[in-house]
Amino acid sequence: MVVILKENPDSGRISDLTAWLESLGLEVHPTVGKVQTILGLVGDTSKVDIELIRALDIVQDVKRISQPYKEANRAFHPDNTVVTIGDASFGDGSCPIIAGPCSVESREQLLEVALRVKAAGATLLRGGAFKPRTSPYAFQGLHADGIKLLLEVKKETGLPIVTELMDLSQLDLFDEVDVIQIGARNMQNFELLRQVGHTDKPILLKRGLANTLQELLMSAEYIMAGGNHRVILCERGIRTFETATRNTLDLSAIPMLHEMTHLPVIVDPSHASGIARLVKPMALAATACGADGLMIEVHNDPAHAKCDGPQSLTPGAFEDLAEAVRRIKPFAYKA
Amino acid sequence: MVVILKENPDSGRISDLTAWLESLGLEVHPTVGKVQTILGLVGDTSKVDIELIRALDIVQDVKRISQPYKEANRAFHPDNTVVTIGDASFGDGSCPIIAGPCSVESREQLLEVALRVKAAGATLLRGGAFKPRTSPYAFQGLHADGIKLLLEVKKETGLPIVTELMDLSQLDLFDEVDVIQIGARNMQNFELLRQVGHTDKPILLKRGLANTLQELLMSAEYIMAGGNHRVILCERGIRTFETATRNTLDLSAIPMLHEMTHLPVIVDPSHASGIARLVKPMALAATACGADGLMIEVHNDPAHAKCDGPQSLTPGAFEDLAEAVRRIKPFAYKA
Amino acid sequence: MVVILKENPDSGRISDLTAWLESLGLEVHPTVGKVQTILGLVGDTSKVDIELIRALDIVQDVKRISQPYKEANRAFHPDNTVVTIGDASFGDGSCPIIAGPCSVESREQLLEVALRVKAAGATLLRGGAFKPRTSPYAFQGLHADGIKLLLEVKKETGLPIVTELMDLSQLDLFDEVDVIQIGARNMQNFELLRQVGHTDKPILLKRGLANTLQELLMSAEYIMAGGNHRVILCERGIRTFETATRNTLDLSAIPMLHEMTHLPVIVDPSHASGIARLVKPMALAATACGADGLMIEVHNDPAHAKCDGPQSLTPGAFEDLAEAVRRIKPFAYKA
Amino acid sequence: MVVILKENPDSGRISDLTAWLESLGLEVHPTVGKVQTILGLVGDTSKVDIELIRALDIVQDVKRISQPYKEANRAFHPDNTVVTIGDASFGDGSCPIIAGPCSVESREQLLEVALRVKAAGATLLRGGAFKPRTSPYAFQGLHADGIKLLLEVKKETGLPIVTELMDLSQLDLFDEVDVIQIGARNMQNFELLRQVGHTDKPILLKRGLANTLQELLMSAEYIMAGGNHRVILCERGIRTFETATRNTLDLSAIPMLHEMTHLPVIVDPSHASGIARLVKPMALAATACGADGLMIEVHNDPAHAKCDGPQSLTPGAFEDLAEAVRRIKPFAYKA
């Protein structure tokens, strides 16, 4: 951390500041120019509140050099974290596929989709029981009944399930759920993050629509600070000025996150573009740049899906995608 | 709503679609060109799931003409909603000021700030007991103790209080709170919105960092659909590529929202820029373009505030701001 | 400037780097931690190519502390630059208004608008002869004929004129033009900037749709490096995810730029929102936060304007705006 | 095109509008609801000025259904345009690589890089003689001398050359240049686009940092309207709030543009991220989702490159990338 002081600071004030910084366990190295004075801080700055220092009246600016996240930081944990659920391992160099409908609508729908995606190679089943919808008048999911259907289909197919938790009041229903998803709109719902950090379940944490990679890792840090280290990060598109696609899939996030963190990073190409025809090319691109997994929306009847139909693949199109991913995987980027 | 069909659609399919749209209570008016066919839909389309129609295989695109929000829509409620709390009325043409520290730190701090801002003309006291912090290692607020201090200071000063609710599990503590704030990061925490829609308290709803005005109104709609119509909207800056300021305060949102909705719209210039020196000019600008109120961070000792110090004003600077706002108000824009 | 070295750097390499930095006229102050080494650079770093240093293999990162612009920097020129054209002075605490049609269409149109805006208090006339249009099929302006009409109307009304230069090949036509406008899309047309830096005319430089304040100042620096110091900066809205308005007017740019630079800063509220109804409230807001001038589109018949009609005011609406600006000005922010 | 009228429009005004629209060669189909009236326009709307209609006082809004570009539109030209230069064909299903240094620095540098990238499989040589630099104090290129060196090295290696034209005054120097590059900052320099539309050279058109795909195609339309149909589009990263990478590479632009246009689309992963380590994974991802070519910065000594060193690959790293691209290509997405 580097503290840049205002011009011609009072030397007594510098001594006070230096003493206070040292009391936080940091070494302080001053650089004194004719006009500008800089304090270089050495030590564990991850728990220093940068805003507190910036507020001091002799300080002009503070710049972090080391990252503010620690548990999630690859610098301190060089080896990949591998999160294994059933037959799927995220972070070991493979690229498992999570597939299923956007929302659980009926036993028939869910079972049919589950059997088809399993046959095509998916190793986890996704399906929403609680649906975050922009409009209060849109379909909000089957709630407890949806979870029940997911567990029935899990039993019948052997596929572990991933489903979204929207509020802590729903947590009791998630006992037999295999992976808890935290949605993009809840990426900074800090109370929710804290609580799932006390569960023993893998957490699939989606990047918020306007959150930086550093903020995504700070949210992972909330979960990990509670003791739960099985966090899977998910890139799902960010908000930009472009309107041809719903969001802009940020694939450079994959190699960039692989440098910043040891956690596995998967990609959801369905929500990013909101257009079914773009799902396959973007799934191949994600695989090519080293994604640790994919999450794909599949519906047996996309034209009548209760939500997000336009981005869902048919089971047939999913088979084609899964096969294409399998073929391209051996030629993908390895760090 | 306008439904644009794919080229050369099958006429039987068009009849099916038309019948289905009519069953939703809509009138359907087709425009048949040589290549392109368009269906104009007339009626209450606010509860139609646009995604459902877009997903149909004969449909190329759907465009909304009327807005998807109804309770919040000025078209259906031409008169301003006025939300009154104590001496403050939001939406009646005045510009009350909510002031106080970012977070409640101690009885002394809160009482001193409250007395000073009251003397300077603030009519509501703000202060965070539950603080959404990006880092799990940063100060998170005094929680129940913070609420207790707020209620004590309310008693002592007579100032009604505004404080943020981060999770439904905290709701019991808010019984005597006057205004519940929903923070920017929770603007699309739909379960939280739904539940505060069942309370009888005014809700101060902050715009998310990357949310459109339409989405802000859809979130207000969640609250209003539960029966609570006392919603105050708050612009607090959006995320852009600019880095000189923390966020970009979107002041055109004020007159734009005044066209779209009858709800009052206030501005928080402290969080938007993150720089104390910009708070006064931006408060004046907000007033000038018709804001229904302001929300200002004030701390008796900004350099030692436990959070957001760099954007807090001293009580003296607040007095100066409040006076300047009072003087400019008569010359502000009126729709 | 602070250079952060990679972990455990070779001491010989550090000496080489230090020697090279010193050869650029900089003092080098090292901070050596157990793991991290930082070099603080003191001196004139405005002409140091930061990318060159960042590329060195022992360097992890470089952070600027002082700004990369010099001529435009308030730190080196504490007093406001005042640019005077005819009766208008930008930067002296007043708020002159530039008004006129988006594009010059005919003598009658231009003269009528000019007389009306002059009567209402505008002190400069704007009008486009060369129009940057997104589509090659849209009206592109009257070119040389447009300039001719501007000069005729200047003669008749005494109003100095502001008009946009799109390409160096047009420069000869600008001999009698009073202020050369560089449009948002040309803000980083560096060859154009360089050449107008060799003219003796004031330059109105519009901020690009996706450019930072620092980049705007670097573009001003291009002009000033050529010897032309009469640069007026213009905020005209930036591109964000919001779609209710065409662009997002960034008014915090006004007080922020006033800190960063001594150059005057004006606001164009017409182009920012693209909606005539928002022009007046945003003009008042801009005035309130300290704008050094305004630029307003006025057309005698907005419904038949050849371009940008929806954002043009009628002469009557402009009179109302100018009067409101005059009344609010005494209560505006002063740094 | 759909014209939405304001509520309860005067029927005489509707007749006038209808007559005028018909005079533009359009069929007009009205949809009359109780409150809302919509006019569906059928015919060639690509040359209709949407702003002109929007400005009419009985009009509430206008929405385009067909695209405003015509020459670039795949709907009217279903077959891919293939642009062939020497041994490289863009748009025929192959993925040629353009490689070379960011800027031409010396004969030795350029020749060495050219020989190395040719041996590794590159079929075009890039190198900047005119460099758009944010700072007037940064290296601006060798200008005419740079073009001369490029032509010498072209002669010696047989590699056709691609280089950027920044201003029309430089055009005479480009006689023997094989491909004219229009840089991101000039994507909407309409005069430049118009003029290169009258040359007989292929144009490599880079997407602006904050431009939509539709605007990119409108800029291509400017070139094509002049008669030059050999346009190669290039995605090079857009500006977002993310700061970990310089820009955000928008790879979904590849399949999206392939739907919108028949023109070839290539990717420049070097400028997008600004980080050499991300170039290979992003080149693989671009290939995987169907890019028609790649443009890669290579420098024999990146640590001493005069510009953009941090994103340049060494010749050895380029060989590795080219080989990886070749191996993944057969498994890439095909529309």
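Note that the chains are named A, B, C and D in the order they appear, and that numbering of residues resets to 1 at the start of each chain.
Following the convention adopted for this analysis, contacts are C-beta pairs under 8 Å (C-beta built on N, C-alpha and C of every residue); 3 or more make two chains touch, one makes a residue touch a chain.
Listed by chain with UniProt protein names: A, B, C, D = 3-deoxy-7-phosphoheptulonate synthase.
This structure is a prediction, so every number in the text was calculated from the model and none was measured.
**Student:** Show me the overlap between the contact partners of chain C and those of chain D.
**Tutor:** A, B
**Student:** Computing the C-alpha centre of each chain, which chain sits at the greatest distance from chain D?
**Tutor:** Chain B.
**Student:** Which integer distance in Å separates the CA centroid of chain A from that of chain B?
**Tutor:** 26
**Student:** Please work out the Cα centroid separation of chain B and chain D, and write it as a whole number of Å.
**Tutor:** 39
**Student:** Using mean CA coordinates as chain centres, what's the chain B-chain C distance in Å?
**Tutor:** Centres of chain B and chain C (C-alpha means) sit 31 Å apart.
**Student:** At least two other chains touched by the same residue of chain D: list those residues.
**Tutor:** 210, 239-241, 243 - these are the residues of chain D that touch more than one other chain.
**Student:** In their complex, what parts of chain A are in touch with chain B?
**Tutor:** 46-47, 49, 51-52, 54-57, 68-69, 130, 132-140, 166-169, 185-186, 188-192, 194, 208-210, 215, 218, 221-222, 225, 239, 302-310, 312
**Student:** Sort out for me which residues of chain B touch chain C in the complex.
**Tutor:** Residue positions touching the partner: 210, 212-214, 238, 240-245, 248-256, 259-260, 272-273, 275, 277-278, 280-282, 284-290, 324, 327-328, 331-333.
**Student:** Write out the stretch or stretches of chain A touching chain C in their complex.
**Tutor:** Within the complex, chain A touches chain C at residues 2, 4, 27, 29, 31-36, 38, 40, 42-43, 61, 63, 65-66, 210, 239-241, 243.
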